[in-house]
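Sending over a structure as structure tokens; questions will come in a sec.
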Amino acid sequence: MVTTVQRKRIEILVDTPLVPRVIRLIKDVDISGWSVIKIASGGGRDGRWDHDEVTGAAAKSIVLMIANQEKADLLADKVAPLLESHGLLITIGNVEVVRGERF
Amino acid sequence: MVTTVQRKRIEILVDTPLVPRVIRLIKDVDISGWSVIKIASGGGRDGRWDHDEVTGAAAKSIVLMIANQEKADLLADKVAPLLESHGLLITIGNVEVVRGERF
Amino acid sequence: MVTTVQRKRIEILVDTPLVPRVIRLIKDVDISGWSVIKIASGGGRDGRWDHDEVTGAAAKSIVLMIANQEKADLLADKVAPLLESHGLLITIGNVEVVRGERF
Amino acid sequence: MIIETLTSPVILFFILGFFAAMIRSDLSIPEPFAKAMSIYLMAAIGLKGGVEVASTGFTSELASAAIAGVTLGFTIPILAFFLLRSIGKLGAIDSGAVAAHYGSVSVVTFVTAVELLTNQGMQPDGFMVGVMALMETPAIITGLLLARAYAKRPGVAEDAHAAKESGSGLLHEVLTNGSVILLMGAFAIGMVAGEAGFEPIKPLFAIGFNGVLCLFLLDMGLLAARRLMQSKKITFHLATLAIFMPILNGTIGVAVGTLIGLEPGSAAVLGVLCASASYIAVPAAMRLAMPQADPGIYLSMSLGITFPFNIIFGISLFAAIANFLG
Amino acid sequence: MIIETLTSPVILFFILGFFAAMIRSDLSIPEPFAKAMSIYLMAAIGLKGGVEVASTGFTSELASAAIAGVTLGFTIPILAFFLLRSIGKLGAIDSGAVAAHYGSVSVVTFVTAVELLTNQGMQPDGFMVGVMALMETPAIITGLLLARAYAKRPGVAEDAHAAKESGSGLLHEVLTNGSVILLMGAFAIGMVAGEAGFEPIKPLFAIGFNGVLCLFLLDMGLLAARRLMQSKKITFHLATLAIFMPILNGTIGVAVGTLIGLEPGSAAVLGVLCASASYIAVPAAMRLAMPQADPGIYLSMSLGITFPFNIIFGISLFAAIANFLG
Amino acid sequence: MIIETLTSPVILFFILGFFAAMIRSDLSIPEPFAKAMSIYLMAAIGLKGGVEVASTGFTSELASAAIAGVTLGFTIPILAFFLLRSIGKLGAIDSGAVAAHYGSVSVVTFVTAVELLTNQGMQPDGFMVGVMALMETPAIITGLLLARAYAKRPGVAEDAHAAKESGSGLLHEVLTNGSVILLMGAFAIGMVAGEAGFEPIKPLFAIGFNGVLCLFLLDMGLLAARRLMQSKKITFHLATLAIFMPILNGTIGVAVGTLIGLEPGSAAVLGVLCASASYIAVPAAMRLAMPQADPGIYLSMSLGITFPFNIIFGISLFAAIANFLG
């Protein structure tokens, strides 16, 4: 059986125009990679929101990363001050990965 | 270091036409927000299915929410009766979040 | 309250042209279903990559599955030899599911 | 006419798509492009119909065609429901869902019929677009009522409850359905604008029409064949019904059309509307109102079998019947 | 002109979309198709403007229109900012963001105005496309400077810091903004190619134009109405400003245009540019440069109120003013 | 001809896209729209080629061009493979993958060449579309065989195993490849429909063609430049080969075309086909059949360097050689 190690699965929900700024933070803490998933629609305290617009200003994305505990903590620290002003949402979960030395 | 708290990460896989019905349940249990992700294709007991159709009837989506344990349990109870008839799939995982008081 | 059981949430990040090969492995270990999510863009050791191309060769997807521990382990074993050569990434997390006997 | 049909590029593109899917080619049309084409086609036929009615004015034929269309939309599902239960061996829920599809209409089949008939010198009246829009939704109501009346299992009671809960939601969806609004709206715009107002937008909506229809039917061929290949639940009886019902309903439609005094072209199109089965508006409504009904059955029948049958044979058949009766 | 406007298919499709969204129809245009149409429209008007300038050559009118446009782009946000703070009761950050929108321009409003004016025999000069492209971004700079100058709260200091950090990023974005590059690039291509070079591509870009505009305005009607219905934060004062500001800015624009000697058609279009508010380039820039500003406010005002107002009333109004002054 | 090329809107839009990406503009064409345009272009050239062959009939030139094309498709990768290994210093796997790209063809380069040549009075024969479709896939087979024959590392054995396992899958993909099916299918439809049947769909497929090509090349310019900027693995030797190989292969193609008696226009196009490198069908096949090969290398060479070279210089060069030899 292959050996697995525990790593962190980090999701940052963010307005699409701000994705480049999040990626800069990711690079700052030296996380090896990231993947962006488009949100099709959603809703929150402001009520229902539908992403169906020519103006991309209201579009949202999830930036998904696998990283070790240490880098995940660093990233959370970096992201925290932006949470309120930029309307971000960050979640950190545990996952087992194969070839964990890459992250 | 920022403080994090544990919350639930809930995913409901559902036929796209039924998303509004799931959102009504979400609001019933007072979960603060949700995000919808489109499934590009998939397969199950009925065999391979490809979402590539003008008729949106066979499209599927994931409704993603962050909520506290209590609301997650309430939602699971609400959703359970529909699982069979509506072909839903619900998963609940643990994640750490910053600013957990929002959920 | 509904009863839930623990299952594995498996994500395989893979080049879109290789998705059919991953699905063949999934069927080999008798996992009941899968869902594919498109990655909009991303970056890794090779630097920033943007999925915005007519040539689908560089597109990436996530194959998402819910399965029990045993099948998840089998799949990880099957996938391991391909990780390096095919540039895959596999993560396995824990989730609670309702109607767990299906997986 | 069947031979002329089979050498028309519009039909040949459909066959190309069907063939490509059958040999499991990876050819595919991006979904947003397919949706864009269907919006274009609906806007274009709505406009053209409206412009035509603007010049002919409201006629008694128009009124009788509208009444006939709505009546057929409400009643065809009843016929279909009992055929599906008795011959097709389907339960009440699935029978109701499938019946709703066959009572409603397929926009693409309509458009293709208008093109082919016009090329044969049997141009249908412009107001038939309005009739089609009116026929999109009544069958949903009949199908649901039948399913509720005949379904006795506990699961269905629960369903009936959920359906009632979302009853107003469904009625709203039926009345504000996107394709109905677009068809009716474009029809109204065509009537307000008239020939003169239509002139500046004619190049896009009239000249490009046939070509877009080719590409759209290419996609429909791909979808129909893929759906057909996935349909594990289609028994021989159901497949037979998916061909027999359009022939029956279409013949009824042509006969009614002829009786109420429509020209052969319009009577043939009324037949095509009755024969065709929805695969856009109704599936979405059924998924919402009767989630227990199996999409594998209704999509395979309407899109996988009835749609190709109508495109390749049905249109020519109903044209011939209309000419014979008219 | 207002009645002719209201029977033009272009406007009727906008109203259809607005109406469909208001009755909560599920009608929707796939986003990639909407983006494709906006790319098409920008390429087409850029090309046409360039081809026209290639035949008329650079004139002094062109130069004064360009200078006037840029100057108005920089200054209109100042006026708007103080109106928004005093009458609208918005904070400095939100006022700066909204002001940037009103100083910039809406491409679709411009295109619709050119169409309607041309149909009324008031064809604007080709170089107005270039003026529009020049007016897209200056207001972003003014809006940001105003917000930074007047915002005093700690949250804003932090923002100012982040904004400075990404200052060069923003400047880069402003200068390389996709729609500016496309408009200017197509304009330049039109100038290089001239009438003769434009000939082979004219069918797509000239003949299909009006029809595509109809479908695009259908989508804009849907988006505007949906945005309006979601706008919980729009007070009566803000809604009033979203109608008063375009009237004021547009009148200023027409007056300036007339003063610098533009033909009535071009002066009217300069008014439309001043009156219109951006809902593409500026929102994206604001989300990046001032994330604290509330998109619910600036999108609701620019897209939900000002845009429909201009399409349905504003264009006719500025045409009338231009004819009166000219 | 090079100057006429550089003032053609088609080429200017390509340069605009290239330039926009170079200055890191956010201009982008929605992917589904780009795919839709490529489907449109393939359907259109297939149809036009088929209609033309329907009127000229099968000629001996057609047969020799087809045989020459397939032979060149199979053999060019051999030449390329050894150049890539010796001069390019690539391993067997990467050499095989890149060689497969250069043996196959680029549809857009072909289409652009046909447009430019036709404008210069050197219209190629309609059957060259068929030749192009035939040349899409043979190189994939040669490239794979070369890679397997020369790769000795254990990793490759494993790969060879996996490849064999999916061998039939690959053969199937090669034969049912979407673009091959669409090109061949549209070609066949054009032949069946002939001039008369083509008439009703001509407006969309003939008149809009040039304009769509402009927008598509705008996107290709963006993609090519972005790919070029990301290509960290392209050494000077590889970049040189990405220009030298098209010149060499293209010259061979023109020479062969002239020898078998093609008109200069068709000989030039055969040269363009040999010179061009695939960036659609082959990359997807390579990702599947040789996942170890580095997409960063083959996409950067074919899309980032060879494609722009051919569009801007290559086509004119092969036209000149064809005129010289013919």
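We just call them A, B, C, D, E and F in the order they show up, numbering each chain from 1.
Please note the rule applied: a contact is a pair of C-beta atoms (placed from the backbone, for glycine too) under 8 Å apart; a residue touches a chain by one contact, two chains touch by 3 or more.
Since the structure is predicted, the reported quantities are computational estimates derived from the model, not experimental observations.
The minimum number of touch steps linking chain C to chain E comes to 2. Contact tally for C-F versus E-F: the pair with more C-beta pairs in contact is E-F. With respect to chain A, maximal separation of chain centres occurs for D (centres as means of Cα atoms). Of all residue numbers that take part in the contact between chain D and chain F, under half occur on both sides, making this a different-residue interface. Averaging Cα atoms per chain gives one point for each, and the point farthest from that of chain C is the centre of E. For the pair chain B and chain D, the distance between mean C-alpha positions equals 33 Å. Between chain A and chain B, the centres computed from C-alpha atoms are 18 Å apart. Centre to centre, using the average C-alpha position, chain C and chain D are separated by 39 Å.
For chain E, residues touching at least two other chains, in rising order: 28, 30-33, 35-36, 207-208. Multi-chain contact residues of chain B, defined as those touching 2 or more other chains: 37-38, 48, 93-94. Applying the touch definition to every pair of chains gives A-B, A-C, A-E, B-C, B-D, C-F, D-E, D-F, E-F. Listed in rising order, the residues of chain D touching chain B in the complex are 28, 31, 34-35, 38, 155, 158-159, 162, 166, 169, 219-220, 223, 226, 230, 232, 279-280, 283-284, 286-288, 291-292, 295-296, 299, 303.
Chain B contributes residues 11, 13, 37-45, 48, 60, 62, 73, 76-77, 79-80, 83-84, 89-94 to its touches with chain C in the complex. Those residues of chain A that touch chain C in the shared complex are 1-2, 4, 7, 9, 23, 32-38, 61, 66, 93-99. Of all residues in chain F, those touching chain E in their complex are 7-10, 12-13, 16, 19-20, 23-33, 36, 119, 207-208, 210-212, 214-215, 218. Interface residues of chain B, counted against chain D in their complex, comprise 15, 17-18, 20-21, 46-58, 81-82, 85-87.
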